[in-house]
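Two complexes are shown next, each including subunit A; its partner changes from subunit B in the first to subunit C in the second.
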Partner chain A sequence: MFTEIATDPGAPTVTIVFEGREIATRAGATVAAALLAAGELHFRDTPVGAERRGPYCLMGVCFDCLVEIDGEPNRQACMATVRDGMRVERQRGAAGIGP
Partner chain B sequence: MTARPDIAVVGAGPAGMAAAVAAAEAGAHVMVFDEQPGPGGQIYRAIETPGPAGDAVLGADYAAGRGLSRAFRDSGAEYLPGATVWQVSPDREVGVSVDGRARIIKAGAVIVAGGALERPFPIPGWTLPGVMTAGAAQIALKASGLAAADAVFAGTGPLLYLIVDQYLKAGVPVRAVLETTPWSAYLGALPRLPGALLRAGKLRQGLGYIRAIRDAGVPVIRGVSGLAVAGDGRAERVAYTHGGHRHEIAAEHVFVHQGVVPNVNLTRSIGCRHDWDPAQACWRVATDAWGATDVAGIFAAGDGAHVGGAEAARLGGQLAALGALCTIGRIDAAVRNNRGAPIQHALAWELRPRPFLDALYRPAAADRVPAGDDVVVCRCEEVTAGEVRATAALGCLGPNQLKSFCRAGMGPCQGRLCALTVTELLAEATGRPPDAVGDFRRRPPVKPLRLAELAALEPDDTDGGDAGP
Partner chain C sequence: MKADAIVIGGGMVGAALAYGLRRQGLDTLMLDEGDVAFRAARGNFGLVWVQSKGFDCPEYAAWTRRSADLWPDFSDEIEELTGTGLQHQRPGGLHVCLSGAEFEDRTRQMRDLSERSGGAFRYEMLERRALDNLVPGLGPDVVGGSYSPLDGHANPLYLLRGLHAGFRALGGRVRLDARVTAIRRTGATYRLETGTGKLEAPKLVIAAGLGTKPLAAMLGMTAPIDPVRGQILVTERARPFLGMPLTWVRQTGEGSIMIGESREEVGFDDGTRWQVQARIADRARRIFPFLERARIVRTWGALRPYTPDGLPIYDRPPDGADAVVASCHSGVTLAAVHAGVLAPAIAEGRLPDDVGGLGTGRFHVH
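Right after this comes the complex of A and B.
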């Protein structure tokens, strides 16, 4: 799994919740980096074949790291920054339209 | 109300930063829209906020980006990080979202410096969690100091060796490097070697990485074909053919790479002319020596226009700035040509090894167009090579008609991860060259835009603006 190559105990951390699991992570990290460092590779299930997917490009072009963030679906985990208390869920299939 | 920019720059990698610096130096009001939280692009990702991986791990070429980012910060160019450009119109209206608010800003000239992306690598299992690009591995290292121990790196191209070298410098063990450079590529590259030898330092640097990797005891297996990743819901093992036999290695992380190609979605959606580049097997926007496209006032620079690396991108950004300054009347053609001459000379020198590198690292046809019918080509809509071939057999001639048959290219990535494969697949299936097959029509918005943002879109609020949605 992904681990930090050097730890900095003094670095500020925030806590996010992924699928009900609390994950402590570096402030300023992307959601994708936080989940990868917590050993998570399964970010979403595809709309067509319900296949598991995770980050592929980490630069905002592949859209395979889609998650639901604080109730908003189809967010790119690699482009979103963590915030304390952020609730992240897997994107399961296609998102509904409207609230 | 802000003043309408003379020049809008999309992207803040080496090309975008250099363009902004050069344009601002000439007194132009420059606005730079960058999707990232800080300048640097992907090559100098997180250059201002280094994580645990310092310059000792990332190397001198990475650290060199800091000078440019400082010059950019000091340039007086207006910088908007976290800004997603979802449209540029042929009339130079830039549609951009920052913090969930969409705006349209009209500029005198637009320089598109959106960069490259890694060429699709359609192999069995490339959609499994745990399979990522080598570029993604590098981004995790640069931006977050994250690395995955005992990963397998597979593919071809200079970046593959660079990231493995960085992993080893960071003390992260690497299980194996599987090199897919076809033997024929060495022969094809040989006649182009003399030109490249003029820049022998660059070539030595690459050979140095390979030596360091071997010295570290990492198996480097050359002439690999038939890559395939397998596992139950995630990558567990990678199989390959070498020396006429199938082999298999256990790996939870497989980092694949076979070069980078221009990200053409924005320039395509503006309506700029693009041509097939047979040497790099990709589309590239047609420009003159100043980066001007065939759409008035729209310029393109950097690896998003033509892949040449960071230094070529920096020089190309400067040339595009001169071109744009001339177009908006800030400088005349004589000044542009005068200032541009030494930059063009430096760019030609920088590009000397390119024909050699392009020939050597041109991925094998079998790695660009999957032989197996069950390989996923369009990751978003989960369309396989077999479905594309079957559609071609029905008489489908082009990528746009293909969408109606099987939705390939219609998912959220908007064809970025499948367009090249689809074009080459259809070329193979219909016996026509790629430029005759064509490309997906890329339309705005080139990045997803929430309906609420579109509905709340305000008219151009820049000084003198009148452009509505």
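Right after this comes the complex of A and C.
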């Protein structure tokens, strides 16, 4: 569905893990770009209706791309840059921020 | 265009009154400005709040209690009529104190409020230990607080939408982008000029929030209503943890945590300042330290229509004509009494006795 356009073909390869699946991408990519290029469209389940959502604006305003990154909930995948070994999970419903 | 009644303003007060007038069977026309307007109705905190209202004015305190009591039925009525649920809940509300001095002041204020209401205002002062049974996760700075079972909250945007939808469902007419620029009266008829044409009705309600002052002046009335800015912070959605609203912190039906509030006299400027937001966030963090981990996803400033004494204005013009000016800085709280009590009185050409002391006469210098 999405095709990667390598703006920097020389960038080193980086591997992240999404829901247990290893995904190879390039240094400098956002988490959202890496997941979309790997065919992953389902990033989160909404807190109230438990509906599936994925990135919409890709520029940090819609909050539809939320994922859990290395244990931290509600991170915007389009605003986070990949790092080798990064562990990304779907954001399932609201984060447990409470006491 | 002609109508039985024209309401100028489609914000929290205007929409509640228009809805209430239409419910009485009057052919009602509601006018609202365009998106240039300053709309407190779209930027407020959503409390239906009793325990801080009318310390020096028993009449206002009673009016507020009456509205909070009417809210459950009012909310059901709007939901049945429009399908829009207002997320109204009345689990009681809490005001926490962060020092012994705050707690003492609060204790005195609550006692006075209750005494002046003849006991109708119900509340409890709670020590820290008792608070922990009501809400989890309080920080070490919290010494105690006041709880009133009369308090609650609602979603203010659904309230505004529900009032507009309810008004239309009952056959009310709405004109948007209809900024009123002139009001004239000939005999028993008010004639209004707007950007989109001339309108007339024998009954007029001015409920235009921050637009009220110049409109009231056209009827020869002094309505000193000026902006007081409040700023609000909203966090990402969290799992429900907070069973009741606090004066400065509440969790919405969707799980977001709203954090307010502030008071600044900065004229018609609804912007934000980080210095104020930092203070708001700091107080919230002292109340609930875990909020430090919550991400703020939105912030805004909005302007309250405010009078010099902080009390509402309900008045009629000196010439005895059939008009009413209505304004308040707790339009969410008072929406139920506006729709259910004030509007029916206005339909009959009078004001309820309950608000007899809230006229503009109090601002005249003797």
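Heads up, the rule we're going with is that the second predicted complex is superposed on the first by the 90 of 99 C-alpha atoms of A that agree within 3 Å, B and C clash if a C-alpha of one lies under 4 Å from a C-alpha of the other, contacts with A are read in each partner's own complex, and residues count from 1 in each chain.
By definition in this document, a residue touches a chain if its C-beta (ideal position, glycine included) is under 8 Å from a C-beta of that chain, and two chains touch if they have at least 3 such contacts.
Remember, it's a predicted structure, so these values are computed and weren't measured experimentally.
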Which of subunit B and subunit C A:Gly93 touches, first, second, both or neither: second
Touched partner set for A:Ala37, first subunit B, second subunit C, both or neither: first
Broader residue contact with subunit A after superposition on the shared chain, subunit B or subunit C: B
Touched partner set for A:Leu58, first subunit B, second subunit C, both or neither: first
Touched partner set for A:Ile16, first subunit B, second subunit C, both or neither: neither
Touching partner for A:Val67 - first (subunit B), second (subunit C), both, neither: neither
Touching partner for A:Ala80 - first (subunit B), second (subunit C), both, neither: neither
Shared subunit A contacts, counted only where both subunit B and subunit C touch the same residue: 48, 63, 66, 74
Touching residues on subunit A, where the partner in the complex is subunit C: 47-48, 63, 66, 74, 93-99
Footprint of subunit B on subunit A - complex, ascending: 1-8, 26, 28-30, 33, 36-37, 41-43, 46, 48-49, 51-64, 66, 74, 79, 81
List of subunit C residues in touch with subunit A within their complex: 136-137, 235-242, 253-255, 257, 288, 290-291, 293-295, 297
Of subunit B, residues touching subunit A in the complex: 35, 37, 42, 49, 52-53, 57, 117-118, 127-133, 135-136, 139-141, 143-149, 170-172, 233-234, 252-253, 263, 379-382, 411-413, 416-417, 448
